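You will see two complexes here that share chain A, one where it goes with chain B and one where it goes with chain C.
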Partner chain A sequence: MPGVILIFISALFFPGIILRTKSIASGRKGPGIFQPLKDIAVLLRKGSVFSGTTGIIFQIAPVIALSTLVCASLLLPFANQRSLISFGGDFIFFAYLIGLGKFFSIIAALDTGSSFEGMGANREAFFSMLIEPAFFILMATFAMFTGHTSFSGIFNHFFLTGNDYVLIFSIIGIFLFTQIAMVENSRVPVDDPRTHLELTMIHEVMILDNSGFDKALIHITSYLKFAVYGSLMYNIIVPSGWNIFLHVILFLAVQLLFAVAIGLLESFRARNKMNKNPKYLLTISAIAWISFVIVLILTNKLTV
Partner chain B sequence: MDQPSHFKLKNNYPAGGVREIPISGYDDFYSFVTDGLKDEARHCLAYYGIKTQDSLKLYCFLADDPSGNIEVAAYETGTLNPVLRSAADLFPQLSVFEREINENFGVVFEGHPWMKGVRFPHNRRDKSKTMENYPFYGIESEELHEVGVGPVHAGVIEPGHFRFICNGEKVLHLEIQLGYQHRGTEDLFLSKNTPLQRCILAESIAGDTAVGHSLAHTQLIESLTGLEPGEALQIERCVALEMERIAVHIGDTAALCGDVAYQLGQVVCEAIRTRVINTTQLWCGNRFGKGLIRSGGSNFPLSEETAAEIIKMTDFVDRQFSGITECIYSSPSVLARFEDIGTVTGTQARQIGAVGIAARTCGMARDVRKTHPFQYFRNFAVNPAILETGDVLARGMIRKLEVRESLRIIRELLEVWAGKDKDTGKPDYSYKLKPGAFSVSVVEGWRGEIVHSCETDAKGNLVHYKVKDPSVHNWMALALAVRSQEISDFPVCNKSFNLSYCGHDL
Partner chain C sequence: MVNYLIVLFSVTLVYFAAAERLIIYIRLLAIQGLLLCGIAVFELNEINTVNLLFIVTETLIIKTLLIPYLLSRIISRSGVSKVHRQATPGFYLLLLSILSLLVSVILAGAMINQYINVIYMAVALYTLLTGLLLIITHKLIISHLIGFLIVENAVFMFSLAIGSRMPALINIGILLDIFVGVLILGFFGLRLKPHTNELTMLKD
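Up next, the complex of A and B:
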């Protein structure tokens, strides 16, 4: 339970910290850390406007996307406590919960009948499909490494295997989770959340028709998604046996560093050309494959 | 031929009499245009019609770059419903002019490849043709889809509709539909007949080219009145024009970086641009140089202090802008977005009569400051930068090179200025235009050549005023540039040209 609460708390500050980092990196004053929250408060008070072409799918999609993510956050363990829901292979459930939310936002975008949103939905589906192997292969690597198949099992035993190479997997995990989080959250280099150009957008263009309350839900979903990935990363950085209070502090520190890292990554590079994205995403999956092969060798399942 | 088929004049020289333009038959007129354009050193500056009682007079202005001459020929139709042979099928650069003449006067051009409206003005000939019932170019296919963008856009830009025909992410065809503004600028020049009103109107033709357009207007008026600006005044005008060029080029570099999500380049360039336009504000009270250029004199003569500020500004820009462009054009992630994107070939550019930076990035040495010099550029050598590749990277790089050249021009001009007699005089708002005369004035604005031309009647009143913004040609270059590109690269292609909507929708 404390893990879920901490995820919610860090989700509150995540977008603000990214924004602050980017403004400081570009030498601007920029908005305050709470500005995204204030924006959400404004949106929540507003009513939604629905286009005449949309149906029920468009109206329920934001709620479904948010609820799947809240469910997904219940699967994540914190410190040495078991997560609220835990069973063998729950990371597959986790991935498809997020996938379900994404599926609904994609068909909601198609529901609007706009040529822009169809284009965005098409890109989002394609790129999500390409990044999916990276997540599964990475989790399979961890499962193989620890001998457990649930999040709780994997993360509670991550540092207890007695394997000297644990740090390598920790580093690979941090790298891959950062990349996956950037893609899943439609950030640079795959997407650009700041752009106003519909033709280049991926995620932003899909929510062009959403307004008011629904838009607030969509924003909350994306903030929560960052915190969920931050939490995954935290679990492979900090050994689970440490003192619980230390854990709370370290958790918030890791989330803060993650947000700052994203802000810095976005400040100093341009985004990819659209047709380079598949290559970029497959490279991330390829790195996951390499780590998988390494773990096979280390656990003597594959002999060379 | 005993009689010459055309009349020659120089840019910004005293106006010619309307009667001096020989009126030829259409065959001669046609061959003047087509033979003239066969030489690639010539291009069409303007081609327009003037309606008289029961006839139509067509004028065509060709610019001959090597000699610096502007050649004019005229043809009188003798009827209000003429059917003429089109020259646009041979020379696509004439297409937009023939479309405009067709739209305004109903002249039928036989063999014209694509006769569509240009800007749907209120006084067009055929009122049944509206933007609402315009048939867009389409391709029937199950696999292709159309994407329409605008006329209302995200962000603060002007109205324009872009209709893409795409195969997946790839653009097969782009049709650019402008003409949403219906401002009637050219007619306003005739109805707003006090000199000050006209100056302000010229400044407002395109807000980002206030100095360029007001200079073109002022030159035109001065050539029709015989007012001769002093050398100090000429230098001040050139400095203002170059400052406008520097500011816009740096702003465009910022926008290019913004479009590819390269935040560092964007914010640094925006900050540099602010310094430049603030210096313009220090000089004349307006950041875009409005009010600075007036016929016959200046309300804001350059002072020693302002000149010193300008020199300081050039040092600042030189240092900062070369630093950040070094950063931008060596960053692999940025280069990957600019290189080989939105390529316009040299042949295409020549055919559509591209001007300004769009031409100079395709290997064409087309710079009015050099070929048809005006103001103090007549005594001062400009070295225009020429690039060959014609892609987004070239259009980014040329901005860097032109800023560097403009900084040099400003510094050297101000040195010359220091030794000149600085009495520029006050603007002359009580001028009388020469009767029965015509003139043409060409200025190299930051976007390319700006052409203003007009004609006066026997009493010295304006009977016709014509404006040509460089965007008129270059919009076609954008449509060609995005062919076979990804639709997601359209914004960065568009920004690399940064064309004017209002300059087109006069």
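Up next, the complex of A and C:
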């Protein structure tokens, strides 16, 4: 339970820290850390406006997307405690919960009947499809490395294996989770939330018809998704057996560092050309695949 | 330590599939030469010192320094810097590269016996397939040459897979280096002209 509460707390400050980092990196005064929260508070006070062409799918999609992510956060362990929901192969359930939320966002975009939103939905589905193998291969690697198939089992035994290669897997894990989080949240280099041209948008164009309360829910989903991936990263950096208070401090520190890293990446990295994205995403999967081959070597599945 | 080097070697092969500039190919070839030198030092400690010294010198001087230098000279003289004449888009090359890693792992696993080091065999097969993929998916003749150099690294890896039981194979691998050296010098001898596609395109 403390893990879920910490995820929600860090999600509150995540977008503000990214904004502050970007402001400082570009030499601007910029908005304060609480500005995104104030924006959400304004949106939550407003009512939603629905187009006449949209149906029930469009109205329920933001709520489903948020609820799937809240459920997904219940699967993540914290320190040496088991997660609220834990069973063998729960990382597959986690991936499909996030996939379900994305599926509803996509069909909600199609429900509007707008050609722009259909185009954005098409791109979002394609890029999500390409990044999914990276997540599965990485988790399969961790599962083979630790000999457990649930998040709790994997992360509680990650540093107990006593294997020298744990550092390599931590580095590969941090790199891949960062990339997956960036793609899943439609950030640079695959997408750019600041863009104002519909033709180059991916996620932003999908939510053009959403307003008020629904838009606030979509933003909260995005912030929560960052915190959830930050929590995954924290679990492969910090050994689970340490003091719980130290864990709380380290959790918040990892989330802070993750937000700052995203802000810096977005400040100094250009967005990819649209036709370069599939290759970029496949390269991430290829790196995950190599980590899987390493674990095959380590577990003597390849040797004589 | 050897496992770290082999992993790095595999990463360079994925980078080969993803890269689009010839200068990156050349840097990767130099890195591969360095990694092969490291692997040879750690792995071939059973063969005699003179032979080992020869292999280390060959990988360090020819593979890491000389061949990349000659290739960069060819690129600067021909004015071709980008692999822009791929027959297949890079996305499919990367996809095929991942598939070839899968095939290599399965094939190497199927070849388990006491004389073969399966890890080296898997990486050697992957290197061979990457070199062949580079040759069949690129149209520039310079890319074919780089593909051939990767295949040659694969032969070196194969020789390591069989260990010190077949030292003649290592010598054959080194002989290939000399052939490639002659081939590259042939490129020089033909006097490349910048901005013409004389030696950068296949004349078929």
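Heads up, the rule we're going with is that the second predicted complex is superposed on the first by the 303 of 304 C-alpha atoms of A that agree within 3 Å, B and C clash if a C-alpha of one lies under 4 Å from a C-alpha of the other, contacts with A are read in each partner's own complex, and residues count from 1 in each chain.
What we mean here is this: a residue touches a chain if its C-beta (ideal position, glycine included) is under 8 Å from a C-beta of that chain, and two chains touch if they have at least 3 such contacts.
Quantities reported herein were computed from a predicted structural model and do not represent experimental measurements.
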When chain B and chain C are modelled together on chain A, clash or fit: fit
Partner chain(s) touched by A:Ile297 [first = chain B, second = chain C, both, neither]: second
Partner chain(s) touched by A:Lys46 [first = chain B, second = chain C, both, neither]: neither
Touched partner set for A:Ile287, first chain B, second chain C, both or neither: second
Partner chain(s) touched by A:Lys279 [first = chain B, second = chain C, both, neither]: second
Per-residue touch tally on chain A - higher for chain B or for chain C: B
Partner chain(s) touched by A:Val188 [first = chain B, second = chain C, both, neither]: first
Which superposed partner A:Lys38 touches (first chain B, second chain C, both, neither): neither
Inter-centroid angle chain B-chain A-chain C after superposition on A [Cα, multiple of 10°]: 80
Minimum C-alpha spacing, chains overlaid - chain B and chain C, in Å: 11
Contact residues common to both interfaces of chain A (with chain B and with chain C): none
Touching residues (chain side chain B, partner chain A) in the complex: 145-149, 154-155, 169, 257, 259-264, 266-268, 271, 331, 333-334, 336-337, 341, 486-491
Chain C - residues contacting chain A, complex: 3-4, 6-7, 10-11, 14, 17-18, 89-91, 94-95, 97-98, 101-102, 105, 108-109, 112-114, 116-119, 122
Chain A - residues contacting chain B, complex: 22, 25-28, 115-116, 119, 188-189, 192, 194-200, 266-276
Footprint of chain C on chain A - complex, ascending: 168, 278-279, 282-283, 285-287, 289-290, 293-294, 296-297, 301-304
